[in-house]
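Read from first to last, the chains carry the letters A, B, C and D; within each, the first residue is number 1.
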Amino acid sequence: MLSQKELIQLFKETRLDSEKICSFLETEDYVVQPVENVSPPKWHLGHTTWFFEEFVLKKYAKDHQLFDENTAYVFNSYYESVGEKVIRTNRGNLSRPTVAWIYKFREYVTKEMLKLLQETELDKEALEVVEIGCHHEKQHQELLYADIKYILGNNPLFPKYNDDFQENLIEDFDREWIDVSEGIYKIGHKTDDFCYDNEKGVHKKYLCDFSISNKLVTNQEFIEFIEAGGYSDVLLWHAEAWDWLETNKIDAPSYWHKIDGNWHQYTLNGLKRLDLKAPVTHISYYEAFAYAQWKEMRLPTEEEWETAQEQFAWGSRWEWTESAYSPYPDYKKPEGALGEYNGKFMVNQKVLRGGSVATSRNHTRFTYRNFFHPQLRWQFTGFRLVK
Amino acid sequence: MLSQKELIQLFKETRLDSEKICSFLETEDYVVQPVENVSPPKWHLGHTTWFFEEFVLKKYAKDHQLFDENTAYVFNSYYESVGEKVIRTNRGNLSRPTVAWIYKFREYVTKEMLKLLQETELDKEALEVVEIGCHHEKQHQELLYADIKYILGNNPLFPKYNDDFQENLIEDFDREWIDVSEGIYKIGHKTDDFCYDNEKGVHKKYLCDFSISNKLVTNQEFIEFIEAGGYSDVLLWHAEAWDWLETNKIDAPSYWHKIDGNWHQYTLNGLKRLDLKAPVTHISYYEAFAYAQWKEMRLPTEEEWETAQEQFAWGSRWEWTESAYSPYPDYKKPEGALGEYNGKFMVNQKVLRGGSVATSRNHTRFTYRNFFHPQLRWQFTGFRLVK
Amino acid sequence: MLSQKELIQLFKETRLDSEKICSFLETEDYVVQPVENVSPPKWHLGHTTWFFEEFVLKKYAKDHQLFDENTAYVFNSYYESVGEKVIRTNRGNLSRPTVAWIYKFREYVTKEMLKLLQETELDKEALEVVEIGCHHEKQHQELLYADIKYILGNNPLFPKYNDDFQENLIEDFDREWIDVSEGIYKIGHKTDDFCYDNEKGVHKKYLCDFSISNKLVTNQEFIEFIEAGGYSDVLLWHAEAWDWLETNKIDAPSYWHKIDGNWHQYTLNGLKRLDLKAPVTHISYYEAFAYAQWKEMRLPTEEEWETAQEQFAWGSRWEWTESAYSPYPDYKKPEGALGEYNGKFMVNQKVLRGGSVATSRNHTRFTYRNFFHPQLRWQFTGFRLVK
Amino acid sequence: MLSQKELIQLFKETRLDSEKICSFLETEDYVVQPVENVSPPKWHLGHTTWFFEEFVLKKYAKDHQLFDENTAYVFNSYYESVGEKVIRTNRGNLSRPTVAWIYKFREYVTKEMLKLLQETELDKEALEVVEIGCHHEKQHQELLYADIKYILGNNPLFPKYNDDFQENLIEDFDREWIDVSEGIYKIGHKTDDFCYDNEKGVHKKYLCDFSISNKLVTNQEFIEFIEAGGYSDVLLWHAEAWDWLETNKIDAPSYWHKIDGNWHQYTLNGLKRLDLKAPVTHISYYEAFAYAQWKEMRLPTEEEWETAQEQFAWGSRWEWTESAYSPYPDYKKPEGALGEYNGKFMVNQKVLRGGSVATSRNHTRFTYRNFFHPQLRWQFTGFRLVK
C-alpha cells in the first residue's frame, strides 16, 4: 500500500504519461474508432478523468464543483441512453466534446485531485480508489498505444506515430529450455503491493514436469510456419479458429504486408522491413496455438508461466497462455461499481502474462492476469513454447 | 452554356461556399462518419478538390504538378484497394490526411484551376467538365449540410451548428388545390443551360386530370397523423416500410424528440421547440406515402410535379414523388468515367423534386431530378399531396 | 365475371392442379425452406386452403365447422405470434402439421366449398372472393414450381422433379424488330374478365417510337455476353447490382453449372446439357439490364410491352421490364384484408410481363403485372430487347 | 477393452436404439433444422451410418460394396463442396436423400457390419474404431433427443414426442453439503474401459477445501431467482451474458411459458405445468453462474465435481461447471481424421459433467467431459452449487 505522498507522485506521473503518449497525435487522430474494440484516444483521456471525478472527487472532495455536469457523463463507459429518444452512439461518432475541451477537463480534475491529495488526509478506502484510478489510467495508456497503432496502421497512408517508440526488443541469445519439476506451487499475488482483485487469493497448484523456452517465438520462426503452409493446414487449428481464418482471410500476423516479395511490418515508426530477429507480435491466441501444434509443443498454462518466470526475461510481449480466464479458487468480486472491474469478463477469454513494450512503467508484475478474446490481435501479443 | 468568364465566377464562388459552410465546424466535426451514407466533411472537401485535379488539371493543365500523388487518391470515391494487403476502410476511420492538409490541397488546386481558367482558352469539352465540377461541388455542399446536421444532431450533447441557418421557411397561406387538366405535356430540360444527363431528352407525357396542393404538409398536420395512430396502422404502409418501422423503432420524423410532453426538433440552430407551421422535414418516402394514404390522397408523380410547378412555390424541401428513378425515354449514359454519374443509380430509388433550404444557390431548377432510397431521412425532405 | 357454375369448374380444376403439381414429391420435399423467399410446398397447400376457409367458409357458409381451429392459423401468412413466449418461426422449421394432415384439411375444405357453391346461390361479393381465391391458388401453383425447382436444384444430388415438364420452349425463328409508332395508347385491363386490382384503371400513355424484338434472348446469346466479360465490366451494371454480384459471386444465370468445360443447367427434368437455342432463364433484372447495356439497347417499359404484345409470342418466360412497380393513375386499394394484396408491394420492385412455362393455365393475360425484386432469379424469368 | 463378442452386442443395441428413438417421429420431423446447432434427425441416422461405412467397412471389409457412392458423402460432417458450383447448404435444406433411403442405408450397413464382426477376427485397431463408432452413435442419440425436443417444442402446435419419456427425475430429499478436504487428487480416466481421448492422462490436481450440494437446483428455487429480479440485475451476469440476455430477450429457462399466470414447460410429453420439485433444466452456463452469484456461492470446477461425485447421485442433468474446456496436461490428439474428434473444440466452451435423462445407456461415466458454448440451452442441462 502506497503512502499518500507516494500516491501523489504516482498520480502526477500517470496523468502526465497519458498526455505524453498523445502529444504525437493530430487532433483528427483523437476522434476515430475504426473497429469496436479500438476506442478514440480522446475517449481514453476523458474516461480516465471522469473516473477520478466520479469515484474520488464527488465522494471525498468537499463541495466539489463538477467541471461540466451536462457533458462528462459521455465518458461513463457504462452509459446506455441519455433522456428520451437519443440514439445510442458508438464512441467514434462523437465529434464533441472536442479534444480541447477534454484537455481542460483533465487539467481541472488533475488540479482538484492534487488539491484534495495535498490538503486532506484521506482514509484507506479513499486512497485505494485513487490507487485503482491510477492503475486504471495506466491500463488505458497501453490501450492508447494499441489503439493509436490500429488507427494509423490501418490508414492507407501508413502515417508514423513517432520515430522513437521501440517496438522490437530483440532477444539475442540462443533458445534454451528451462525445466520445472513436478510439485505443488503457490500461485497468486503474495505481497501488500497493489494488484487487481483477480490476482488475489494465494492458492496451491499441482504442476507436472515441464520445460519452457527462455525466449519468445521470433518473426523468422513464424515465417517458417507460414512457408510450411501452417495457415492452410486445418488440422493445426481449433474449429472456431478455422472459421475465423476463412471469414477474415487471415494468412499472416496483423500489420504484416508483403511488398515486392518482402515482408514488411507497420510499426509505430511507420512501415518497415520486418525484423526477423524480433519476437513475433500482433497474433491471436489461435495463431499461437496453431504454431505450437505445428511444432508438436504447446503453450504454457498461466500457472506454469508464473512459476517459471523468474528464470527468463519477459515484458516485451503479452504472452498468450493456454489458460482460460477464470476466477481463482477464493475469488471474491469487490463490492459496488468497482466490482464490475474484472469478474464479469471471466468467460470466453484467454489469460496473457508478462506485459509488453506498450505497458506503462510500474504497471505490470509477474502475477498480473491480462485477458483477451482468442481472436484479438491489436495488442502487442506474442508467445513462448512449452514442451 | 456559360462563357469561360462566367465559369470563372461560378468556380470561385463555389469553392468559397464549401469553405464557408465548414467555417462553423470544429476540427473533430470534419472527421466522423456515424452512418454509411453520411460522409465526413473533410472527405467532401477533399473529394470535390480531387475531382478538379483528376478530371481538369491532369488533362488540360500543361505540366501540372500533382499536389501529392501519394495521398490524393484517397478522395477518389471509387477506389477499392491500394496495393497489397491494405484494408478497405470506411471514410470515417481515416484520421489522415488532416483537415489542415486538405485546406492546403484545396488552396493549391483552386489556384491552379484559376491559373488555367484565366490564362488558357479552353475548348468546349474542358469547359463542360469544369461546369460539371462546379455543380458536383454544389451537390456536395448540400450533402455537407445534411451530414453536418446528422453528425451534430445525433450527438447526445446536441451542439448547434450556428445561429443563422434558416431551416424552417413557413408557408403562411391557406391550402389551395391547383387543377391541371388531362393532356400531353412536355417533360425534361428544354434550354441550353446546365443540367445533368438524367434531365435530358424532352419527351411527351400523357397526364390525367389532377389537383396538387399549393403548399407542403406541415409539422402540425403531421402531428395529427401521429396522434391518429398513423405509425401503428399497418394498412397505411408498404410491406418493406413496415419492416423498416419495426426494425428501427420509428415513430416520428427524424430529429424529433418529445421532451416533457412537447415535441422538439434538433435544428442546425440547436434543439428547439417544434415550429408547428413549418413544413415537416427529415421524413422518408415511406412516411410521406403513409400520410397520403391516411388522407386518402397520394403523392404526385415527377411529371405532375414538373408540369404544375409554375403555380406553386418550391425550394424549401426536397419533395418526395411517387416516381421511381428511371431513365427518360432517350436517356444515354455519357461516355467515360463521368458516365457513372447518374445512370448506375437508376434502380430502387425514388425521385425528389424541388430543392431545399440546404441546396446551393443556382443549383436547382424545376427539371432537376434528385433521388434517394425510400427509407432515407437525413436530407431536408418533405412532400405535398395530390388528389 | 364468371357464373357460379363456371366458378365451380374453375374451383375444382384449381384445387386439383395444386395436388397434381405436388404428386411428384416425396414427403420430405414438402417441408424445407432453403431461402426465405422459397416456401415449403406444404405451406402453399395449406395456405391456399386456409384462404378459402377464412375468407369464404367462415363468412358465407352457414354453421361452418372449422376443420381444426388450433392448427389452421399457422397458414395465415400474416400471423406473427401465437400466445405468450412462442418463438416466431420460419416456415421451414415447422414439421407439423404433417403433409397428411394438410391433405385432409384440403379435402375437407374443398368438399365444404363445393357444398356451398352447389347448394347456395352466392351474391356477387362472395363470388368475387371465390374467384380471387382460385387465382390466388393459381399464383401459388407457379410459386410451387419455382420453389420445388429451388429445393431440388440446390440439393447436391440434383434429383429430378419428373420427366415431362417442358421448361425450354424454343423460338425457332429469326430475330426481327417490330416497330411501334409514337402516339397515345391505352393501358390497363379493358374487359370484365377477372383481373387483379393493380391492372385496373384504363389510362392513356404517350409512347415514343420504339422497336421491340420478336423473340427472347437465348442461352447462346447470353453465353456471348459471359464470354465477352460482361460479368466483370463494372460500367454495364447498376451500382447495387455490382455489390450484389460481388457479394454473391454471381457469374452466370442461376442453375447453370460448368462441368468439364460444358455448360449444364439444372431443370425440373434433372441436370442437362444447356440447350443453346432455348430462351435464357433464371436471371435477375440486373443481368437483363447489363446484357441490354452491352448490346447498346434497353429493356421495354411495361406499357411498351403491353402495346406491342399482339405482334409477338409470349408466355414462356416472365419478361423483365424497365418499369418500376407503381400504382396506375387511378389505382385504389380494395377495402379490407384483401386490400393488402398488391398495393403494399409497390416499391423497390420491377414489373414483369407475360407469364412462363410454370404459369397456371388461364392465369395470365397481357395486362397481368407480375413483380419481383430486381435481384431475384428463382422464377422462370427472361427478357426481350428494345432499341 | 471389449471383446469382439461384447462389441457385437454393443453394436447391435446401439443401432437399434437410434431407430427406437426415431420411431415416434413423423417423416416431416426428420427433415427440419430450426437453428444451426440442431441437426435434422435424418442427418443423425445417416451420419452415424456413414461413419461405420467410411471408417470400418471401407477399410476392413474385404470387397465391400458401397451402398451408394453418389449419395452417402452428404453425411460426411466435414464435406464443404461437391464439385463445381454446388452451393454449400445447411443440413435442413436437404429433402433428399429421403428418410426411407436412409433406413435402407442403415439396414445395409448394419448387416454388412455384423457380417464383418461375426465372420472375421478383427485386430485391435479395427475393434477400437468399431467401439468408437458405437459411442459416436450414442452421442448422436442424445443429440437426437435434444434436437427432437427443439424441433417439436419450438413448433407453435407443441406436439408431444411420446407419453413415456421421463424428463424430470425428482430428488426427493433435503439439501446437504458434502465437504471435501484440501489436498492432491487424481483426475482422469483410470481404467481400461472405453473413454474419449480428452479424459485420458491421469494427473494430480490440488484442490482447496470445498462443500458441494448433494442435489441439483430445482425449478422452485430457480423461480425464486426469477422473482427476486435475477434476470434484471446486471451485477449478477457476465458482460457477454448480459448482451445475450438483451439481444435474445431471455427471462426464463428455455421451454418455459407463463400461461395465465402459471409456469408451464414444454416436455417431450407435451406442454405441462412446471414440476416445481424437478431439477431446473435447459439453462445456459450464464444462467447457472448468475444464480450462483445471487446465492453468493459458485459452480464446481470439473475436478471438484469428479472428486466429490461418489457422494451424490448424478445423471439426470448435464451439470455446468466453472471449468473451461481445455486439454489435460498430457493431452495428445489422436492421429488421423479421428484426431479431430475433441481437441479442436478446446476453446470458448465450458465443461459439463454427469449425464442426463437423454444420455444413452452405458454412455456416461464420472470422467466424461461434455462441453458446450456457455449460451446453449437445448440440452438437458442443470447445475449444483459449491460453497
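To be clear about the criterion, contacts are C-beta pairs under 8 Å (C-beta built on N, C-alpha and C of every residue); 3 or more make two chains touch, one makes a residue touch a chain.
By chain, UniProt protein names: A, B, C, D = Ergothioneine biosynthesis protein EgtB.
Owing to the predicted nature of the structure, the values given are computational and were not obtained by experimental measurement.
Note down the smallest number of touching-chain steps it takes to go from chain A to chain C.
Graph distance in the chain contact network comes out at 2.
Name the chain whose C-alpha centroid is most distant from the C-alpha centroid of chain A.
C
Identify, among C-D, B-C or A-D, the interface equivalent of A-B, where equivalent means over half of the contact pairs coincide by residue number.
Copy of the A-B interface among the listed pairs: C-D.
Can you give the whole-Å distance between the Cα centres of chain B and chain D?
Chain centres of chain B and chain D, defined by C-alpha means, are spaced 57 Å apart.
Can you check how far apart chain C and chain D are, centre to centre, with Cα atoms defining each centre and the answer in Å?
So the centre of chain C lies 44 Å away from the centre of chain D.
Distance from the CA centroid of chain A to that of chain D, rounded to the nearest Å?
From the centre of chain A to the centre of chain D is 37 Å.
Give every residue of chain A touching chain D within the complex, in rising order.
The contact residues of chain A facing chain D are 184, 203-206, 208, 235, 237-242, 285-286, 289, 298, 322-324, 326-327, 329-330, 333, 339-340, 344-348, 350, 374.
How about chain A: which of its residues touch chain B in the complex?
26-34, 42, 70-71, 74, 82-87, 89-90, 92-99, 151-152, 154-157, 159, 256-259
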